[in-house]
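Below you will find the structure I want to go over with you.
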Amino acid sequence: MTECLLAATTWLLPFAAIDWHGLFFLLFAAIACGAAIMVVLTDNVVRMALHLVLSLGATAGLFFLAGSEFVGAMQLMIYVGGTLVLLVFGVMLTAQTQLVSLRTPAADRVLAGILAAALFAVLVQSAVSVEAWRRPGRAEVSAPTATPLGMALLGVRVDGDAAGHESRPLSGYLLPFEIVSVHLLVVLIGAAYLARAKRRRTPRAVELVASVDPPPPVQTRSEAGESASVLVGGGR
Amino acid sequence: MLIAVGTVSVAHYLIVGAILFTAGIACMAVKRNALGVLMGIELVLNGANLNFVAFGSSYLAGEGRASLGLDGEVMALFVILLAAAEAAVALAITLNFYNNHATVDVDRADDLRG
Amino acid sequence: MQGSDFVGQLEAAVPGAVVGQTMEAIDPWLEIAPEKLLETCRWLKESCGIKFDGLQCITAVDWCEPDPKKAAKVSWEPHTELVYHLWSTASRASLVLKTKLPRWQNDEPGQIPEVASVTSVWRGADWHEREVYDLSGVNFVGHPDLRRILCPEDWEGYPLRKDYVMPLEYHGMRGR
Amino acid sequence: MSQLLDDDQRIIEFDVRTDEMLVNMGPQHPSTHGVLRLVLRTDGEIVSEMEPHIGYLHRCAEKIGENLTARQWIPYTDRMDYLAAMNMNLGWSLAVEKLLRYEVSEKARHLRVLIAELNRIASHLVGMGAYGLDLGTFSPFLYAFREREKILDLFEEACGARLTYSYITVGGLTADLPPGWLERCEQFLDQFEPVIREYHTLLTTNAIFVKRTAGIGVLSPEMAIDYGCTGPVLRGSGVDIDLRRDGESIYTAMYDGYAFEVAVMKDGHYPRDHEYPAVPTDAVLGDCWHRFFVRMLEVVQSMDLVRQAIDRYSQCKGPLGEPLKLAEKLPAGDAYLETECPKGQMGFYLVSEGAAIPWRVRARSSSFSNLAVAPELCRGCLIADVPAVVGSLDIVMGEIDR
Amino acid sequence: MAEFLIETIGLPSWLAWTAVAAVAAFLILNVIAGGALVFIWAERKIAARIQDRLGPTRTGGRFGWLQSLADGIKLLAKEDLMPDGADGMLFRLAPYVSFCASFCAFIALPFAFDVVGLRLNVGVFFVVAVLGLEVFGVILAGYASASKWSLFGAMREAAQVVSYEVPLGMCVVVPVMLAGSMDLVTIAEKQAGWLTNWYIFHDPFTFVIFWVYYTCAVASVNRAPFDLAEAESELVAGFHTEYSGLRWSFFFMAEYGSMFLVSALAAVLFLGGWNGPVPIASLLGWSDGSSLSAPYAVRLLGCANLMGKATAGVLVMMWIRWTLPRLRIDQVMTTCLKYCTPIAALMFAGVMLWQLFLPGGLVPGSRHQAAAVREAWLEGRGDRVPSTNVPLGVVPATSRQVVGVSQ
């Protein structure tokens, strides 16, 4: 029974093994490029933001495919989760109805198109020219782990063999790591300064009350007695 | 556990990087909305990132070819970090500009004052 | 301080204010001249011996008998009466002031009578006066924001007047 | 170039211009109590100005009052503050009796106190539950209603209705209590005693509740008196006024011989505050927390009053006495009387020309003035504070719009 | 399982792997869908119990357990309307973005030793990153519904989730530091053994960090006292005011999915993942739970452990929701910036110092030699990832690669 099942499947699906890596690469590349082009084409700034999110998400997928998982996760978290949320906030704050879709005159668009096409041709020609880059990658490679990257950032290169030659010890990235963290701190403080609360909230009612003196001494029942018309003869 | 890297080679990554790069440039050139320009910058940076990772990837490194090794990944890491910082500052400037001129139209930002 | 002393003090402070007084009613009240009303209220709240700092209620009573047969037997002639109930939180004393206003300003229907607004004396009077304006048609001069409060903004007529006729339809809804 | 110059010239302030949004909350809003529309002018989260629009529930009960005799108008007073219908009936009956100079029998007087105070407990329970709902927690609402149902069962046995009773009427009450009612009422009070103490843990001492209400919507005593606020809103700001003790003689005569303390904070202390949770540190006198706490204390105060009323009522011998005829002729003249209802002082004013049908009927609603102060309290607060402030005023739209 | 398909049935290997992937995806989807169904019913029952009433009893059998099915059918039957001012594409896309974000974080979650969608080396980092994407769904929904109220809700929620990601990130780093690797499977493995091996009892700092993590998790999932986005008392229903029917149910599913995910993450990071309080597997003599030849019963026990802990976390969230009132937006922000972040930072420093001076942790003999990892790498062994599920590439040759377990 298994033989006929095997025959059926091979008859139905001729190729023996799918190159998964290639398939997923094409999928993510298609999404990334398609969304990037859509970003250029759409006028509605909110749609642009959405397409940008899709494009960067697909790029994160490409990073995973290329074996650098840490960079892929970092891209998802910092770039898409942080920077683009910031961008969308910016879009929300400024996207009043009349600003949502600003159209550029047709002349500039044509000019930009020509410029882009020329640039693209140059880049592709240079990408394809080097023969070494065209050969497919190594057949078997061990699954990636983040430890060498983590160690490298601490200044200890544990992936010596990857560099191929032992003569020159590889330098860790501790110094740039510290510089970037200080740099981010500076940017954080700068952004906080730019966005500081511009307008004091109108003084809360609490402060208003504090300035008012306590209530007048109210006589207790014994002196005041029930309320009665002041015009009645017995008024106090 | 071994991973066979099929027919995908560095060139494919470079082409995708190129597409992203040119889309970014075109976006910067075409858009009148300041935020559109910012998005163009993000695309350009991502194009560059893709190339870094492609060269640094142990999967795609053919025998005997000088691969960037870990440098590519770390470089991509720093680009992502600094792009976040850059976006924050760029947005702060754009919003302040919007606040003063009630518009983010790049063509209207012609006087240097304020 | 006898009731009459109080009225004496009031007259000394605001001459010509007290037009009439009724002591033996269940709630004795003073009748105040409309033009002296604001001055009296300010005196009552600020400088009078018993500080009337609480305005309980402002009511408009429409004295008018629509059908002619009963109108003949009635002892009063048609007018609108504003009743102010005041209260002193310190000494628990209450006071009722009444002012008589013509039903329509110099008697042409449609022109509502006018009186000074006491919102400057008691902030609470703001909504009470808007309700009296809305339902009984009395224009309070000096009111910060005199609009209808209970009926819709574009409602015509003053429902609590005796001679008020319910409109046939309002925005397509059948009245009667 | 519209540079936003702050009053301090040196610092050129600029702000991301978010234009003032006109946002309206209601009239179908889940948090406002009934059909109330609040128009908020907000700048981002901060409410710069709030304006309530009322009148959605306006039935012009006063115009109808000019075509009905005094006793026929009782059901209309039920529909004003439908959460405390008994107190409304009592207010109108006393006003008419004041005009008629009519004295009800001793037994009827005590029964009226008993029923009115029970209704006050029910009304405050709804106030507590609805306030929890405003601040986002759903459970206290159901606990409050569980206890309120028991009170409504007692009312149903007494007068057959659960919400709009028309039980207290001009000249006494429509019917005497069924046998065994007093024992059931006492059982309810005995089991309710520990429960109401437990309810303090639900909201009063809840850290987030305190954070949301302490120091919010502070009402100074002068502003309260000036705006004519009454009841728990006034007592929450420290003004010691309670008509059951300071009201007109005809009303305070009902409470003659009843020992009770007014639930107000006098020089830093509430009556018997050793039994209740302490006032949180950042609660300012006159804020939402104090208004809520005064209502919780009044529930306990009313329970004592009901117990005393039960003893006095059971000691009275003789019949309850019949209420006045349906079309009782009213003497010429006018009368105004305010009574202490759960939401505040509810005043009824009637003018009569000597006929059975009054010439003019006027109802002065407590929530009407309490709501008038809301725009003052909400200026400068956050959007999330608006339901907290409006909820603390415990308003009922039926009473405001009449 | 793939080998089984390849040898016995002789399917072409790629078809076998697609089948395996399909089964895995189906299982994970059911975990969420099934979880959502159970949690809908559980939420109603718990709310009822807290409010001293019965909750659904009549729908299906005695305890009303079909109630969630009834809700589902109602949602399906309801008409999916869209406000006319809405931006069509974004309006339709928002719920799916939100759902995909919370769904695809489940890939890296280990239910038992080898029962994991994809054993990512950067597992924790990946899950936290993907959780951050959920905010896009909300922003798009808020913006696309074109109504003032939903925009308010969306902005509030976005600000809250983005600001709570900071303390959440810090809390998540502590177990990573203890285990020496970001791989969720390694973290859970290192907590095997008795209850005392769990990271929550590792030292006082991690105990506090667990509670800070749980608060930030509740906030970043928009539940209970922090649910500003759909604060019904102020804004009518926050960002999903305009949604109804199936689209609304996707938002609902996303919320329950991420609630379950966040509690499961807490279980894996702090409460020993699939290791029960008592190491039954090793006590009963079955081979060490973490080796591959263990019978499936051990894996089943592992799954039960993790699901139990995660469900406990979700039930606590529901319990909190029905007892506490809602915080104001500025109070939520102050708790985040003034309380959660500083405490998380302090505890982070505390755990670092603790690692230096007491690497063995409170209970001597537990195996947390983070430093060991460094030596392993330096000697060239490296912590080869001992797992058989090949993430993406397919080994064309029939050679099987024997797995070396590095412990």
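So that you can tell them apart, the chains are marked A, B, C, D and E in the order they are listed, and the count of residues begins at 1 in each.
Following the convention adopted for this analysis, contacts are C-beta pairs under 8 Å (C-beta built on N, C-alpha and C of every residue); 3 or more make two chains touch, one makes a residue touch a chain.
Everything numeric here is computed off the predicted structure, so don't read it as measured data.
Among the remaining chains, B is positioned farthest from chain C, on the basis of C-alpha centroids. The chain pair with the larger count of C-beta pairs in contact, out of A-E and D-E, is A-E.
Computed from the mean C-alpha positions, the centre of chain B lies at a distance of 75 Å from the centre of chain C. Averaged Cα coordinates give chain D a centre that lies 48 Å from the centre of chain E. With centres taken as mean Cα positions, chain D sits 64 Å from chain B. Separating the centre of chain C from that of chain D, both taken as means of CA atoms, is a distance of 26 Å. Within chain D, contacts with two or more other chains are made by residues 14-16, 239, 241, 246, 248. For chain E, residues that reach two or more other chains under the stated contact definition are 384-385, 391-396.
Counting partner chains per residue, chain C has residues 27, 89, 92, 94, 96 touching two or more of them. Within the complex formed with chain B, the residues of chain A that make contact are 19-22, 25, 29, 32-33, 36-37, 39-40, 45, 48-49, 52, 55-56, 59, 62-63, 65-68, 70-71, 74-75, 78-79, 82-84, 86-87, 89-91, 93-94, 99, 102-104, 108-109, 111-113, 115-117, 119-120, 123-124, 127-128, 132-144, 148-149, 152-153, 157, 159, 162-164, 170, 173, 176, 180, 183-184, 187, 190-191, 194-195.
Here chain D touches chain E in the complex through residues 21, 23, 25, 29-31, 45, 132-139, 142-143, 146, 203, 206, 208-209, 211-212, 382-387, going by the rule given at the top.
Those residues of chain A that touch chain C in the shared complex are 216, 218-219, 224-233, 235-236. Looking at the complex, you find that chain C touches chain D at residues 25-27, 53-57, 59, 61-62, 83, 85, 89, 92, 94, 96, 122-124, 126-128, 135, 148-152, 159-160, 162.
Within the complex formed with chain D, the chain A residues making contact are 93, 195, 198-199, 201-206, 208-209, 212, 214-215, 218, 220-221, 224, 226-228.
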